[in-house]
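Two complexes come next, and they have one chain in common, chain A, joined by chain B in the first and chain C in the second.
What follows is the complex of A and B.
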């Protein structure tokens, strides 16, 4: 059951469409980092955090959840979400996220992308309340029960990715069946769930996950978690096949 | 919508998918609670080290593993450093303490903070005794797990220096160990097998089969991790299979290997405290066993698997041979696929077990 919160006039004014989008991005960053903390792979480099965000999007149908973003611009070097990075930076300023080892990564054309090691600031007094509200603690404390479901999915996915060597998590996103689809060229948008009418056609990662059942006897079932771990195994094999 | 099984997937080969599925017996057991999942994962890690001759371990004897909700947070308190993918690497695990995730794959590790015989006290002093804990003793080949934390009950498992094989003999051994170590008497039995406070009167819990099923599925999962996949319950047209075991075939596809049907025979029905427990007659127990034979046989045929019927005997008076009862004998004679039937005695008190000759 959803909880309702009484908002004062100022807070109501802040909840414009762009304000809500910002809050959703921040919530997503915090949930991703909490999942990474729980499976022991935090702190994460920016590239790995974006890779994790992308894989969470493309694999969310495995958990019967909607993708946060159903599309991504295919670029050299792997998935990158500018809006997500902007909110990561803001959360650093707000003291919710810690960053260390900051550096600049040159981009292929021009300019540079900021990089660093990101983790939750577990000393922040605000963090426990935020995590509770986002479903990362007890289900009854979640403002929206769906958030608890999203969080459980992210923890399982992070656990699956923890089976891929640490320095290969960002590579895992680039060999993902959807991202690596050669029919979509660099600098084009990959649509795996935004405008598509059938995700089973356009989300190739999901089709790959569904194909696992072909190798099991009739009636055998895979849990959503098992599907994620098998897909991580698929990615690991692709990385090493090279 | 493309055909799930036959349409080609752009850029993805069948061999890649088949290769990934081969890991099904090795991936974490997501159906278990985190505590049990952690114990299974640590056992798998430790035995893989033992089976490779404790490569890279030096002379240390003891390793400690704690399941931490936030491994970095607790690890940083003690200056522990990051560890990742302990299964794939040969980083030493002995002489060390780890704060890990539920798959025992990543987290933080450090040198043992105190002597091995002071670990449990140290963990309690640090207020970490709520964390599920596994202690490894290399020389004694012993794995002591405390899924409820350092202050909870301990369970001992042998560290096997040879990997398990998918054989009927190994299933027998796993069932024997689980019976002796985890079911025989009320103090080691999972909750739900006996009615609380009434085990000495031989009053079973409301759903003893469920409690035993869960325990056995956990044991078999742990025992055969990396070799066989154990699953609980499967609804098919002829009923529900309690436990099924799948193993990979030479063609790269998994197939059913064994199905286990569980039945409980008892002296009385469940009754809450002070209520009179209604007696269960011998013929009623025999009918339960006969039903188990029918189910195991039907499931075995349906799944093309070897059927087993495991009967847990919660009766106070165990003298009458249930498998010799005419109802059971007739059912076995009718059966075209006879399940292997075994009776496992469970006792309402430790003294009754001793009187029956159990150590």
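What follows is the complex of A and C.
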């Protein structure tokens, strides 16, 4: 049955382009942290959360899902999204996310970056409703069925990443085939799905995942979930290969 | 690995501009390791002497008939080009006897081998060529002799062609003051990187494939132009048909509109390609600005955080975060309002140890340590940077959104035009099919057009095949050059920090080589400089010489050359020749650059040949390593000076003020003013 949503004045005001972008980011953070919670890798340090967000973005085509950002600025130290961090901070203040062990990490040119341990605040009365609306509970409760699919993908990916030792999840993003592509230098944008004409050319992680098929016996198939687990184990080997 | 020349000896005989001491002896000079200063005022022949050193290698040939062009073409010629007569007679025109008996002889080392080359100065003809003291017979015919000589030189430089030797000489070894270096000329940079870093066979294959692509493109375009002409004639023939039916008039009208739309579509295609590059640049700058803004604001936060942690040790992290964000950006995380006034208020409360959340005084608080002021100077500096970063982010956001919107609007327009072309073509075909039987000349033109279109398709297929071959070769070369990126960047940084005050670095990017007139480009590795500036936070890319000052342009280029020399030769020694490095520098910059050049000259077996017109004694002193500590040291320095005030034919300025100029030189050598 189709559900209709009545918007109050505040909600209508939020539906500007920037308002929608903000809501998208917040929903993504909540979905990521819920997935981490389900596979037991929460709480996540800021670096790990951004690494997870990046891997979720670059690997979404494995599940035939659209990329969330489709691009990232390549920087020393691994993926980081300023917009995502801004919404993480806001969600902390709203009581949806818990943070502890806040500290600041020095960055080049006398800059700094916030760090902390982030997880969902399961005591928040608002959280169950939000998670249901985002497809993180029952499919029928999701405002958009695609969100439920995205959530399932994130849980699967988090599960795959859980096979990588805790302190190596952020390193896994830096050795990811797309992020580590030597043709794109630091301080340049890696575009793997935003303005690309052929995702199979520019998303090298997807190409790598597709190549796993070659090692299977004839007729055998890999599920999308198995592909993620194989890719996570490939990243684990890459970390130790230096 | 490439070898670069080490000049060891020079002799100039019977050339009127350099009579020598005593008169008639000419110039005889042994280049020992370190600095060789060619000192003299304007008109004494500094540029002439440096040009002799260049022409001993090139002979009467160069990259173009005029010598090195201001900017290189996208494709280099297969063979060197004969210089125009005026350039060949460059030395002859400067002396009364037309240099009829003048000869220049140079000895130069490549690794363990020493070559001796001599040329006539009247026409640059090769007089003799010897390797390790043994004369080499290059044949009797002048052109054959030069060709054989060029082959030998390629062998000693260890590059694939004499054109590559010329590229390396102009863009690495000889630093003339009137030419921008390879860092500022994307074509020159691509060719130089190819010549320096690719294995010889691959370097030659890439250059050949580039020429093939350009030639195939040119052929395809010529045939396309012929087809267009025939098409026009066909249209004229059709329209001039007497008693043309209404259908043919309609067809002519459709054809006219179709032609206009095809032209528009071609224009929009080109525009889209340009806008695509612009929007990518704008996006990169915006992404960097966002990150820099966040890091700059977090730097302010981190300072406040330390103070808050001391003031309120038991404050919860979430509450601390609210206060921090409000203190840093003025933004309230609870409601999203921008409250600059509250920011000041909270800061004032904190300075007095008042709780910013409940407003309790220190005496009412259970867990308070004595109020500590945040380190104001550091916070102010960090906040100034953050404010600049916010402005930078906003400016780059606007630029990004405008560029992206422009791209979108042109793309929409292109879509509309393409749809219209498709529709109109269909209509034209239908009208054409409905026309009555054509006259003989129209039939002939139609057949001719059909044949030409077939040739055009073949030529386009050749072009596509050449482009595919080139892409594959470039891909092979790309990895080789990109492997050098880190080393080049590190060496560049080391060099440039001594020369300019701004924080500069070399970054590798993916450049787009445009070899044809169409929109097609080829991805190639390229380097750009990135530098801080007075009015902007962080570092920004400097893409063209116009993005930096004149002196920065030359010094960044110098640092790039030194990095190329170091990495391409694996740290082997070489000779760098530089014309009046002080030309565009202020006093302090001259000191810095002089010291940096001294560093190069003092390293290993390097030789640095520098001309100076004595306008800045301080730079000369710095190039020699600072003030001389003894008379013996001054005497040693004199042994490193080709003093044109003595060995060149004197002009009026020298005749009337020789003693004063000599004093300036002495003061420069001693370092005493």
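FYI, the second predicted complex is superposed on the first by the 237 of 242 C-alpha atoms of A that agree within 3 Å, B and C clash if a C-alpha of one lies under 4 Å from a C-alpha of the other, contacts with A are read in each partner's own complex, and residues count from 1 in each chain.
Here, a residue touches a chain if its C-beta (ideal position, glycine included) is under 8 Å from a C-beta of that chain, and two chains touch if they have at least 3 such contacts.
Since the model is a prediction, treat every value here as computed from it, not as a measurement.
Asker: Given the alignment on chain A, is it a clash or a fit between chain B and chain C?
Answerer: Superposition check on chain A shows chain B and chain C fit without a clash.
Asker: After the superposition on chain A, what is the angle at the C-alpha centre of chain A formed with the C-alpha centres of chain B and chain C, rounded to the nearest 10 degrees?
Answerer: 130
Asker: After superposition on the shared chain, which partner residues are touched by A:76: those of chain B (first), chain C (second), both, or neither?
Answerer: neither
Asker: By the touch definition at the top of the document, which applies to A:210: first (chain B), second (chain C), both, or neither?
Answerer: first
Asker: On the superposed three-chain arrangement, identify whether chain B or chain C touches more chain A residues.
Answerer: Counting contacted residues of chain A, the larger count belongs to B.
Asker: Under the stated touch criterion, which partner chain does A:39 make contact with: chain B (first), chain C (second), both, or neither?
Answerer: first
Asker: Taking the superposition as given, does A:159 touch the first partner, chain B, the second, chain C, both, or neither?
Answerer: In the superposition, A:159 touches chain B alone.
Asker: Using the superposition on chain A described above, determine whether A:85 touches chain B (first), chain C (second), both, or neither.
Answerer: In the superposition, A:85 contacts chain C only.
Asker: Mind working out whether A:185 is in touch with chain B, chain C, both or neither, as first, second, both or neither?
Answerer: In the superposed model, A:185 contacts chain C only, not chain B.
Asker: A:238 in the overlay: touching chain B, chain C, both, or neither? Say first, second, both or neither.
Answerer: Only chain B; A:238 stays clear of chain C.
Asker: On the A-aligned overlay, A:219 touches which partner chain: chain B = first, chain C = second, or both, or neither?
Answerer: A:219 contacts chain B only, not chain C.
Asker: With both complexes overlaid on chain A, what's the closest CA-to-CA approach of chain B to chain C, in Å?
Answerer: Between chain B and chain C, the minimum C-alpha distance equals 10 Å.
Asker: Which positions of chain A sit in both the chain B and the chain C interface?
Answerer: Comparing the two interfaces on chain A, one with chain B and one with chain C, the shared residues are 182-183.
Asker: Quick check: in the complex, which residue numbers of chain B touch chain A?
Answerer: 1-2, 4-5, 9-12, 14, 16-21, 23-24, 27-28, 30-31, 69-73, 82-85, 88, 99-103, 105-108, 231, 234, 236, 246, 252-256, 303
Asker: Give the list of chain A residues in touch with chain C in this complex.
Answerer: Residues in contact with chain C: 71, 73, 75, 80, 82-83, 85-86, 89-90, 92-93, 95, 98-102, 104, 107, 109-114, 116, 182-189, 195.
Asker: Under the touch definition given earlier, write down the residues of chain C that touch chain A in their complex.
Answerer: For this pair, the touching residues of chain C are 276, 280, 283-284, 287-288, 290-296, 298-299, 301-302, 305, 317-318, 320-322, 325, 333-334, 382, 385, 478-479, 482, 485, 507-510, 523, 525, 530, 538-539.
Asker: Provide the residue numbers of chain A that touch chain B in the complex, in ascending order.
Answerer: So the residues of chain A in touch with chain B come to 37-43, 119, 122, 156, 159, 162-163, 165-166, 177, 180-183, 198, 200-201, 204, 207-208, 210-217, 219-221, 223-226, 229-231, 233-234, 237-238, 241.
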